[in-house]
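What follows is a short report on a single structure.
Chain lettering (A, B, C and D) follows the sequence in which the chains are written, and residue indices restart at 1 in each chain.
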Amino acid sequence: MSDDKTALVEMLRKMIMIREFDLLAIELRKAKKIFGALHPYVGEEAVAVGVCAALAPSDRITSTHRGHGHCIAKGADINRMMAELFGRVDGYCKGKGGSMHIADFAIGMLGANGIVAGGMPIACGAALAAQLEDRGGVAACFFGDGATGEGEFHETLNISAIWKLPLIFVCENNRYGAGNAVESVRRVTDIELHAPAYGIAGVAVDGNDVLAVRDATAQAVERARRGDGPTLLHCKTFRSLFHAMRDAPPPETRAPELLAQWKARDRDSIARFEDVLTARGVVAAADVTAIREQVKRDLEAAVEFADKSPYPDPADLLVDMFAE
Amino acid sequence: MSDDKTALVEMLRKMIMIREFDLLAIELRKAKKIFGALHPYVGEEAVAVGVCAALAPSDRITSTHRGHGHCIAKGADINRMMAELFGRVDGYCKGKGGSMHIADFAIGMLGANGIVAGGMPIACGAALAAQLEDRGGVAACFFGDGATGEGEFHETLNISAIWKLPLIFVCENNRYGAGNAVESVRRVTDIELHAPAYGIAGVAVDGNDVLAVRDATAQAVERARRGDGPTLLHCKTFRSLFHAMRDAPPPETRAPELLAQWKARDRDSIARFEDVLTARGVVAAADVTAIREQVKRDLEAAVEFADKSPYPDPADLLVDMFAE
Amino acid sequence: MREITVTQALEEAMIEEMERDERVITMATTRAPALENKFGDRRVRFTPISEAAFTGIGLGAAGSGFRPVVHWGMVTFSFVAMDQIVNQASKIRYMFGGQADFPVTYRCTTGGGAQIAAQHSQSPYSMFMHLAGLKVVLPSTPADAKGLLKSSIRDNNPVIFFECSRLAGVTGPVPDGDHVVPIGVADIKRAGRDVTVVGLAYYVREALAVADSLAKEGISVEVLDPRTLVPMDAAAIRASVRRTGRLVIVDEAPATCSAASEIAALVTEDAETFRALEAPVQRVCAAPVPVPFSPPLEQAALPDRARIEAAIRRVLTCR
Amino acid sequence: MREITVTQALEEAMIEEMERDERVITMATTRAPALENKFGDRRVRFTPISEAAFTGIGLGAAGSGFRPVVHWGMVTFSFVAMDQIVNQASKIRYMFGGQADFPVTYRCTTGGGAQIAAQHSQSPYSMFMHLAGLKVVLPSTPADAKGLLKSSIRDNNPVIFFECSRLAGVTGPVPDGDHVVPIGVADIKRAGRDVTVVGLAYYVREALAVADSLAKEGISVEVLDPRTLVPMDAAAIRASVRRTGRLVIVDEAPATCSAASEIAALVTEDAETFRALEAPVQRVCAAPVPVPFSPPLEQAALPDRARIEAAIRRVLTCR
């Protein structure tokens, strides 16, 4: 993978943007500036950014209910994302989708999805399209550890394997499916162990190490381009915050020690990457501060953009139902 | 397992009965004495008989669209089976079910099923019941190689594993799912390789060797009773005849050499078992002839029973819809 | 009488029925601490996210002597399990000639109004009603919720029990003791002379509110709550329409092939009721769109008091 | 005009559309040798038995520039894939603000009459009609089958294309060349004055047979075939009923929340049509049971000419 400075700095910027975007969204939700359900991606930034760093802009992904990180990593416009959370016409879905349904087909982001595992077959269809287009394109589907309980996970693994589709299964194992620890719903938590039964590659990677995720993804992309079919990529990460909030965040029920461990500088995805880049001399402390300030400014602008955007006109209720 | 003579002879009798029952059913279907679709179990007898020989009468099973063999192996009454194929009131389902929906809850046969993989969750429910009853009972679900493409296969493996349910997954790999060879729908045909990802035992066995199937099942029953949960049992067999017939059997498209191989005396489930039993001196040629004649007489009686039974009265159309 | 919420009423029903019959067990993807502490994790199970599997598990356990209560969470998630509902649960008893009973209750939440968008705001009761072989329940008050859940759990057939999300926190009087409401009996929540309004779930309340305000004008609205959708109490609905001569049906599902369509058909195919009908039947339903996220759009998509009132005035004037 | 079967007409449509547009691809669990030989196994795929996956694959490929035609086999098997239909296909375009099109066609066979019992004899169109976001097609003749399948494949939205099993071998005239029938336009298969019979699929033929025999008595029956169920040509149905004043609807789905219920509601909620209605609307549908296997029971469960005729006589006499 290209380790050129701008690419690495952009990865760091995106990770910071993802975290700040969701921390801000939480405040906006508490303040009732935005509506509905919110699933923060805080703590898992290295997965989305690492995977998307190894994809081409024309490659396609599907996301989950926890989709803000995937959008930003794939290059979505935070103004239109924010406007969508606000339910305004300038949002990606003109306010029809909200947090759980942001999509930007123009950048190959085929949609967040409120159905656990629901995006996997759709990504598989995008991988079939890529195979038929025969231009070296690939597709990736993000899904959680909990999604491995669904039949669509198994069916999509099998079909993509038999058809040798250029598809990357990105399991974001953040240790929980809503309130349930992964150990309580799976007897074996090494999710990559599913791969051999399908004759595909199964790889486990530290999901908080963005470069490791990027490199593992790059290898999966290579396999896919060679015609060796899909890869099951198990990214081990941690959900730093709550599963979901409506009007208020739910109480934290996990042990403080555990949370502290994952907050540690050598564990937290962003802090680690900052330290790697500074150690390598790619960035200086000042650069990081500059990035953080720029992110803050961009987010303020996004909120302003969203707030200025009008609500959809109820008269347009039936618009977008059917294509001509 | 008890190798007492009567048990072994009964296994042979059931295998012969299964084959003769389905060969007769084909003739009856051609003669339009029976209706609908017919899926003969011919060639696969050792699986149903081997598995059920290791189960207690009170253990529960679910079956498939190819269910006659499972019924007979579990101890169903061929008169009521035949009457069901004839669509008569004395059939197991009073003529409401037909070939694809024979059930006898009284003997733990929870039903044939026209939905590929559809019976697996139901068997899993029976296994949950057995676990809650805590009387050492187990459940088994029969399913084909093609059924391994369905999500319900994966979901049921996972839940039964995490709950350590006394469930035996019996994959009848007869090499085809309708017109499709198993190699064309799975990149890996060692179906037992799914097991490790669930932390359960996966075992492959010669599905035409009834004693091997029985013993492998007995070990699975032991594991289940010990509280070690489910076993995935891959039985390698062969579909001797066509997938399904309506008015006439479809043309055979498979290579004659292949068919001949599986018809060979050392391969065919019944011939092999006959030879084993004669070699061990459990039966003499005359005994086998006697069994065959008795089977023929029983089947003639079954047809007579079915033919004498009246059709259901259309006035009873709504009966059996809802329980009190 | 004491007032509790629908949620509390449903939990009471669960506790009472699990105490009453130890064959009652529960399954859901989310934990139920209150029940788990009381009845233990053998009878109160949380499952992996595998709706198809645990829907069938409930059915198989029911056919093996237990009385499972399976909670899908939102009805949205039941569609992952639709094979087990359509091809198995709704047909298993009849198809096998009535040789076994399947006392399983499937609970799920329904409805919009919470800005959680298309996938999480569905009200697809009619898709279950269409399947011969399932009973379908949809209560609108805490008392009916408790009484009907108890009846559903005691029923020896598969029952789909819908819980309208917007009613979860609504309080109402619930009798003490073993309060049971029979399946299949409609309830006239308000008697009236001029028009019959059949409301479902949340819209029973909205219809009652409209009836109050119209009463001030001397318009007498009868509000009927079917409470169960299968079996539908057609006799009660027809009798009411024969009295009033006019019918408005209010529900938050889209109109096409909805419970509202069915009620309209039940009324107009009955000769005596048809003769008594003085105005076209009006359906006040959701717009034919997936429920949108943005509040003004969502409000426009769902029925409201203004549209209920307008429909009532239409049937009162138009002949 | 040449006469071919519905099956041949559908295969012609597939071949012509695959020749016309190379983005058209197909998927099914069974092989399609004719298509595979002509267009190769990249465009013509057979799949593992994984309906949920390949239903979503069709949707994802459609959203990525292709025009998949997915054949489920029997509609029965679509229920394994219902999440992808209900939660994804029907909502994806609107939910995402119309930013992409999803030109995917889902084909499946429906209906009873072949003694293959409950699971394999279903006609659940109304469950799909209820979902705002899908077009639903149900042809009754070879010409309509060909013309509507071509329109469905060219349509830029998810279309559910139902193929009535009992019509597969039925022959009829089909125009040469690019014969296209627009989605959403009903067809009056026989004009009449006294009563409108709306038939679906196989029951269009049965209604026509009954119309023939009643004509001998001077009873003039109009037989209308909606051909598409979504969008439903309500204008054509209402216009016919306004002319005849009487309506009978015939379908082999059970009546509850069926297409027949919807047609009854569409007619009775329209003021002008309601005023023209001289008799109660009659639904001639399947009995509310899973289709039984035994021939005499199956016959009793499904509509037939006698019941159609009886319903017509009812609406002609009863006032």
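In the analysis below, contacts are C-beta pairs under 8 Å (C-beta built on N, C-alpha and C of every residue); 3 or more make two chains touch, one makes a residue touch a chain.
In this text the structure is predicted, and so the values were computed from the model without any measurement.
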item	value
Chain of greatest Cα-centre distance to subunit A	B
Selected interface, B-D versus A-D, where C-beta contact pairs are more numerous	A-D
Computed distance of Cα centres, subunit C from subunit B, in Å	40
Between subunit B and subunit A, distance of the C-alpha-averaged centres to the nearest whole Å	46
Geometric centre distance via CA averages, subunit D-subunit B, whole Å	37
Residue list for subunit C, restricted to those that touch at least two other chains	47-48, 50, 52-53, 76, 80, 83, 87, 94-95, 117-119, 132-133, 287-289, 292
Where subunit B touches two or more other chains, by residue	93, 95-97, 101, 113-115, 149-152, 155, 158-159, 162, 184-186, 321
Chain-level touch network, classified as line, ring, star, complete or other	complete
Subunit A contact footprint on subunit C (complex, rising order)	29-31, 46-50, 52-53, 76-77, 80, 114-120, 287-289, 292-297, 299-301
Subunit C-touching residues of subunit B, taken from the complex the two chains share	60, 62, 91-97, 101, 103-106, 110-111, 113-115, 118, 120-130, 132-133, 151-152, 155-156, 158-159, 162-163, 319-324
Of all residues in subunit D, those that touch subunit A in their complex	25, 42-43, 45, 47-48, 50, 52-66, 68, 83-84, 87-88, 92-103, 132-133, 135, 156-157
Residues on subunit D engaged by subunit C in the complex (per definition of touch)	52, 76, 79-80, 82-83, 85-87, 90-91, 94-95, 117-119, 122, 124, 126-127, 129-133, 230, 232, 253-262, 264-265, 268-271, 273-275, 277, 279-283, 287-290, 292, 318-319
Subunit B to subunit D touching residues, read off their complex	35-37, 87-88, 93, 95-98, 100-101, 113-117, 146-147, 149-152, 177-180, 184-186, 246, 311-314, 316-318, 321
